[in-house]
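Naming follows writing order (A, B, C and D), and every chain is counted from residue 1.
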Amino acid sequence: MLPFEKITLNDIVSEVHDGTLLGIPADYSGVPMTFTKELIKKKVKNLKLYCLPLTTIQGDMLIGSGCVTEIEAAAVSLGEFGQASRFQDAVINQRIKVKDSTCPALHAQLQATEKSVPFMPLRGIIGSDLLEYRDDWKVIKNPMECSGKEGEEIILLPAVQLDVLVFHATKSDMNGNIQIGRRRELATLAHASKKVFVTVEEIVDEDFYENEVNAAATLPALYIDGIAVSKNGAWPCGLTGKYNPDLEELKNYSLAAKNQNTFDSYMRVFLNSDNLKAAQ
Amino acid sequence: MLPFEKITLNDIVSEVHDGTLLGIPADYSGVPMTFTKELIKKKVKNLKLYCLPLTTIQGDMLIGSGCVTEIEAAAVSLGEFGQASRFQDAVINQRIKVKDSTCPALHAQLQATEKSVPFMPLRGIIGSDLLEYRDDWKVIKNPMECSGKEGEEIILLPAVQLDVLVFHATKSDMNGNIQIGRRRELATLAHASKKVFVTVEEIVDEDFYENEVNAAATLPALYIDGIAVSKNGAWPCGLTGKYNPDLEELKNYSLAAKNQNTFDSYMRVFLNSDNLKAAQ
Amino acid sequence: MNKLDLKFEELLISILCDLLSNDNHVAVGAASPIPGAAALLAKEEQKIKGKKLRVTILHSLRFNNFTDGARELFDCAAQGRIDTFFLGGVQIDEQANINLVGTGDYPNLNKRFSGSFGSALMYYVVPKVILFREEHSKRTLVKKVDFISAPGVSDKNLYRPGGPKFLLTNKALFSFNKRKKVFCLEKTAPGINQNDIEKITGFKYDLNNEIKNFTYPSRERLDILRKVIAPMVSEFYPNFAKRIWFR
Amino acid sequence: MNKLDLKFEELLISILCDLLSNDNHVAVGAASPIPGAAALLAKEEQKIKGKKLRVTILHSLRFNNFTDGARELFDCAAQGRIDTFFLGGVQIDEQANINLVGTGDYPNLNKRFSGSFGSALMYYVVPKVILFREEHSKRTLVKKVDFISAPGVSDKNLYRPGGPKFLLTNKALFSFNKRKKVFCLEKTAPGINQNDIEKITGFKYDLNNEIKNFTYPSRERLDILRKVIAPMVSEFYPNFAKRIWFR
């Protein structure tokens, strides 16, 4: 008996349903692209994406494939390859609802769930138009006498709990603990999700808790509902310390995504590509 | 030119003044005992201790030496050696004010400062007598419509910023970064302190950021105002991964501390003991 | 104690172990060798049955997998990821209020104890809190505690999924009825009867229809405890392990 | 461009570098090669003078020492530990409001851009925010932005230690007067005069008594930039470094 749930990509995909609120890691946190591929193949609909705090190709592909009806994010772009065209197109044509946010608010809403409190306060935001369109954010006057500025207005952000989080990581140990290094936003995401699945490059025959330094870089198995091995699972995105982004492929995508027809052609090839080969 | 401030124990002690709000790490987070010794020698008065979330011999010694007028903590004890007698004595004879708290509240108050918000909400506490004696805590009805329980009462805790934090760690790198391993409460403490000083067993000729796993175990130099080398600096407390607590010495202390006379005798020897020899 | 040469601590470990059989995650706080041993024993027995019980022992490096610092225990519990936790009490009262702070008229106490630790959150959020206090006397089990570190029950307008389920002393095991806000005597220690308990308890409680004696551990359980668990306990409670098993 | 064969990007880097000379900690967000290079250049020049400037470049592994995850930038800034940060804007208006979301009548936009990133906190808490937007036109510098991602100024009842101090485009450098809520033209690019700026700017601004031209970098600064900084920039903006320095 393995001490954790070793599963397949398809097992993970089967946990995502129409309407699922799905956690989306930033491009630096381990983008689960092989999972995304399978998710698109399943033709799941009405996903709500919660980005911490932004998404690049993963979000744009899901949107272009018609899987998404709502997205909460501080930014959607293709980074140095410019704007995320499928996202832009869906917004302009009102096919998706955008809950426009700002990075620290997206972090704080998950921290509220992490601590199991109904809300988190945050400074800033007031006076921006973001607030005008967020019924779920609330402005109060600071009720404290001994801390903060007297009478200052402050925003309360709701606790948000994700239905499912999927991210890609370098490795898990034999007990199902995940090495996340400095990407501690993945811990916050995991703490705030009902279910957490991870794709990894490999499962190694080690115990990350055997020394304190390794332990410090670890997300405990306690929060993980299943792990699937997926070699080059972030491709064409990069994976810190393992491989760089495939700049050529990302550029190709950015060009193809400019209109729906060329996007569709690109996706037909992409969805049927062999990931192992694709990543060289 | 060293890229960080290498200083002496006395330099650190000179940053602590009458009335300073001093951060006190728990017995598992690296207790700066050589610093504490020098602080007591300086005969500093009216210290306010903020324990995250508890203190053992460090707090008891400072209290027994008459350095403390106020302590905020979830617990003061000598762990498996029983009650902290100098603390008990000072409380019963009303020589110190205790702001009785609970562990998660002590964490949350620092997290408020970490995020620069005036308060943090927390569940629990309501219905306990802790609340009756805390004018700085505030109960509100949950104002959110979409998160939490409708109409639930919830506590707001004030942001607390420490004047000075001192802790002991295994090592710093050549750039003044500190290895803290899994003791991430030290990061929260540092983020919430105006000044942070660290005593270390050694400064090593490495760069902790050279690999992601080491980096993950690091508190960045950015938060540190000075580092002093102090061999066996936690003795007689332990230091994770380096040395265990000196159980015999801790037992001796617990017995001596039972009354002020035997405490005073103990301290005369302790304050003049050579730390290097003592820890062998 | 009996022909197995059972130590009384081993009996208490066994009683606690029985309370953990349906859990997924048991956490054990500081200075709790008997609950710690009970949790590890339950984990080992579940493993033999092919089931999994996660045990987090704060005082241990090996059995504490948290990596988010000292606050993770509380966050994790508040998230509902811990089924069972143990709390003590200088005083415990009729309504399961616990006092870890001191006796007398706070803040003018006669006797000061350590403090409330994490009880003022853990007692609210962990579904099954087991109160464990070895001393069973009118001094420890009182009508009303002098200071409430954490209350046994809360008003409806609070978020409170957690609370007391059991109270174990060296003389008796009580369950707690949250609706009626009252303890119920379930089991007594060997040689102790219902009347004895009444004489040494400072509060009123209900009686189970069928009050049993503490169940002795099976030979098999005792073997696991002594051969497998005792060496583990040595890692984080060396003094306790030495006193019970290794002297 | 001149006899040093100066690239225009190098000139912008040099102008930004001059704005950083009294800082202790400069942070640079995503997709900002010119600010990133300017910060590293300032750090190097301070080092030569025996002074220390800390530079955090988010997009880099080597120049990003944060270990508390992606939120640490925002926490660190809110704690007051970052002196200078750079922000851009699809539109920037007269009161230094910035728009990173899109043009048109939100949410019915004509054109959608990435989103507000961290601006709705960073703009409030970092004392010296430098707005950097290369394109200088009536399209980018407008009377009133279509959507406020973050406002240039705030009411007194808000906590707002931070805000805009400068705006640099490929044609001009403005300072921002927080009290008067107005930009002030300080410098213009080579070959551009005050009238040219007026024609291409969509908002009103004050004029400095003595409007200067962009100062060219010294030979020494340019040497440092090309020999020391350019290879560093290659690590985190390879395409930019290649285009400017290595082709």
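By definition in this document, contacts are C-beta pairs under 8 Å (C-beta built on N, C-alpha and C of every residue); 3 or more make two chains touch, one makes a residue touch a chain.
Please read all numbers here as calculations on a predicted model, not as lab measurements.
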* Any idea whether A-D or A-C has more C-beta pairs in contact? -> A-D
* Structure fact -> So, in whole Å, the Cα centroid of chain B is separated from that of chain C by 29
* To do: Could you put a whole-Å number on the gap between the CA centroids of chain A and chain C?
  => 40
* Asked: Hey, how far is the Cα centre of chain A from the one of chain B, in Å?
  -> 36
* Asked: Listing for chain D: what residues touch at least two other chains?
  -> 66-68, 75, 78, 125, 159
* Residues of chain B touching 2+ other chains? -> 104, 115-117, 122-123, 148-149, 152, 154, 182, 184, 187, 215-216, 240
* Chains touching one another, given as label pairs in label order -> A-B, A-C, A-D, B-C, B-D
* Quick one: which bits of chain B touch chain C in the complex? Just the residue numbers, please. => 26, 28-29, 52-54, 73-77, 79-80, 83-84, 87-88, 91-92, 94, 98, 100-105, 107, 111, 122-130, 133, 148-149, 151-154, 182-188, 240, 247
* **chain D-facing residues of chain B, complex** => 1, 3, 113-117, 177, 184, 187, 191, 209, 215-216, 218-223
* Considering the complex alone, what residue numbers of chain B touch chain A? -> 104, 108, 112, 115-123, 136, 138, 140, 142-149, 152, 154, 156, 158-160, 179-182, 184, 211-217, 240-241
* chain D to chain B touching residues, read off their complex -> 25, 50, 52, 54, 56, 62, 65-68, 75-76, 78-81, 125, 159
* **chain A partner contacts - residues on chain D that touch it in the complex** => 30-31, 61, 66-71, 73-75, 78, 100-102, 106-125, 147-151, 154-155, 157-159, 237, 239
